[in-house]
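Given below, in the form of structure tokens, are the structures.
Common to both upcoming complexes is chain A, partnered first by chain B, then by chain C.
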Partner chain A sequence: MSEFLPDPTGPFVSDLFSFPAHLLESQNYATSSGHYVAQLNLLSQTYSGTRTVMGDGSCFYRSFLYGLIMQLADEGNEDERVRIEEYIKGSLATLTSQGYEEMIMEGFQEELLDLLSQIPPSRTSDEINLHNILIHPNGPSQMSTWYCRPLCSSYIKSNPETFKPVLLIDYPSIDSYCKSQIEPSSVESEEISIQAIVSAFGVKVNVEYLDGHDGEKVMRHVFGEGRIEIDMLYRPGHYDLLYRK
Partner chain B sequence: MSNNLEFCSSFTRRQLKEIAKFSVPNFTLDQNPTDCPPGSLRVSFSGPSDSLYSTENFLLRIRFPTTHPFTSPEIIFDTSTGLPSPFHPHIYSNGHICLSILGDEWSPALTIQSVVLSVASLLSTCAEKVRPEGDTIYSERVGDRSPLLTSWLFDDDTV
Partner chain C sequence: MSTSARRRLLRDFRRLQNDPPSGITGAPLDTNIMLWQAVIFGPDETAWEGGTFKLTLEFSEDYPNKAPSVRFLTKMFHPNIYNDGQICLDILQNQWSPIYDISAILTSIQSLLCDPNPASPANSEASRLYSENRREYNRRVREIVEQSWVDES
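Let's look at the complex of A and B:
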């Protein structure tokens, strides 16, 4: 579908590269007929860095978790860290009450709690170490990333009145939507699941839509609200992380 | 899935928990089948009553790729002891099963038990005992290669 293919083999999240130079070098935006280069240049007024994220169907969740964990290490976000930790601690009971198997879900929850416990007291002291934990293929990152999916389902199931009107147009039930469109590890997230995950965590995600349509503007979609804000770039079919100047 | 498919030769903590909790009336789980590679499970069961298979007995063999639980277990009808692969429009004579949750609808939330029950329910709802279209060609070509290496197309959700 997309003419700009993300890397499906990893690493989970790349080093911090200069924006938009890195994307212009690694993708063939320059030779494309769309207004991609103009849009990237517009975005460069706001952003100066990017981390590219593995393209295996979990790029949104992976970007979300990486952006969140890194910011929880920032000084001044201590109470956000406590709040998120409490939310994750309580999540297993909610999932179990919604019919998820406790013995399965607890393994994923433990990994995310383990990840949260490894956040250093200050990011400046140990940013590289935290990055390495987050991109380690056998570390807690992979299990934690998937656990965001049932958390997303759980939020939808807890707030059916918000999601039912949209979901029941295309799906017979909320449960069948969650089973087929959220929980399989290869299914990309979409607007509904993004709305649910940002609400579940109480954080804000800004997505810049690099669609190539108009060289004079880039659509920004804002999801949720919260003290923590995560910036992402969407090129059709894929999410990467953005960093402000 | 790529071609470098590897299977676990022992069970993970999660798999051991699932095995310990497996409990379905009339289904027997064998954790150490001596004639299978280590890390395999076998489940024997009789065809569901009120189905076209009510007088038959079946054997499933389950193995876990090293990427489990992010990818589905391998689950096939095991014909090595002489029990049949059921005649069913989604089940091939080499034992391979065409079922969406074993392909792109696999989720790490699914358990051995839920997958086995889904396979059994394929038999419960079947209206005609026939092989899938192209069964002979598929089974000859694929033989005992893992079904995890097949790209399945799920186009019929009526059975």
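Let's look at the complex of A and C:
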């Protein structure tokens, strides 16, 4: 399924393109045997825009953080911005108490707090500026994106009763799962880690599951709940952002 | 220029100075914080005891999202170390995580010395001797230890 993976050297997150035209032009869905084109057309009843996200193993976390930060700039989401900022400020103490090295984690936390502090009071005036901060290769976005991983581990470790029954089927311990399946930079997220990250942030993520199986319907997976909702498109192995009409 | 890679390297340096792991030293070159030299001392009560093994660590602006490139300068004889000094270690490749700072990288390499991973051989002769003739393997390691005192690479 790697045929649909976008260029890993592209920008972290692309400009806003029209959906599904951009995906039909830039990916080889049309020549694929699956019902991808039909599914994309079905989704076009709901969505009109997409941003493609770098395919380096962190596409979920990158889509998540981008979608979140952009919406925190919306007027009316001031309370959410304050709430998320408080959560990030408190996260270091939790991570340290769970055995993470304070000095190392502090470096990531500072970058994410720096990113949150750059959110303009109104998105309408400064959206492009915020977009440029989020895609700058040497800016705070890269380390902030990775910081979502230990936050995800931390949530799992704080709520073992929720995750243990699933994790202990395949992994000897929660620690070993987090260390091998969440924290390495190149390991993609999966349902468990998505469930954990949306719960940790108190945000809702809708994933439209483009599997090519059935041209009559597209499965939508809903993770978490919250006032902020982030829409994503999943095609096997990759996440991109979606925008509603 | 202060980039996140450079800020993180300063942080790594502070941690290495404040809380130095035993048997490990390391510092950036005076002229370039992206290039480090380190020495790992062979752990006591092993065949590696007494050895002083030099390494270089080269960081890119993608650090800590990407692993540094780490190489032994001292000639080594070890199942997971190539002849050119490159190291076959999962945390430096597909299991890399920004959670590992310089201190953690060097500590992992130090424990790799006495605890090789037979599943990923980089030096076939060392691998073979390690599993088939431990006595000869240890003798070859002690030769490397003695060479490390005169190596001025």
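FYI, the second predicted complex is superposed on the first by the 244 of 245 C-alpha atoms of A that agree within 3 Å, B and C clash if a C-alpha of one lies under 4 Å from a C-alpha of the other, contacts with A are read in each partner's own complex, and residues count from 1 in each chain.
In this section, a contact is a pair of C-beta atoms (placed from the backbone, for glycine too) under 8 Å apart; a residue touches a chain by one contact, two chains touch by 3 or more.
In this text, all values refer to a predicted model and were calculated from it rather than measured experimentally.
Overlay on chain A: chain B and chain C clash in the combined arrangement. The partner of chain A that touches more of its residues, comparing chain B with chain C, is C. By the touch criterion defined above, A:Pro120 lies against neither chain B nor chain C after alignment on the C-alpha atoms of chain A.
In the overlay built on the shared chain, the residue A:Gly90 is in contact with neither chain B nor chain C. Of the two partner chains, chain C is the only one that A:Asn138 touches; chain B does not reach it. Applying the stated contact rule after C-alpha superposition, one finds that A:Pro236 touches neither chain B nor chain C. Contact with chain C, but none with chain B, is seen for A:Glu111 once the two complexes are overlaid on the shared chain. Touched by chain B in one complex and by chain C in the other are residues 100-101, 103-104, 107-108, 142, 146, 149-150, 179-180, 183-186 of chain A. Contact residues on chain C toward chain A in their complex (touch as defined above): 3-5, 7-8, 11, 14-15, 61-62, 64-66, 94-99, 101.
If you check the complex, the residues on chain A that touch chain B are 100-101, 103-105, 107-108, 142, 146, 149-150, 179-180, 183-187. Within the complex formed with chain C, the residues of chain A that make contact are 100-101, 103-104, 106-108, 111, 137-140, 142-143, 146, 149-150, 179-180, 183-186.
Contact residues of chain B toward chain A in the complex are 13-14, 17-18, 21, 69-71, 104-109, 111.
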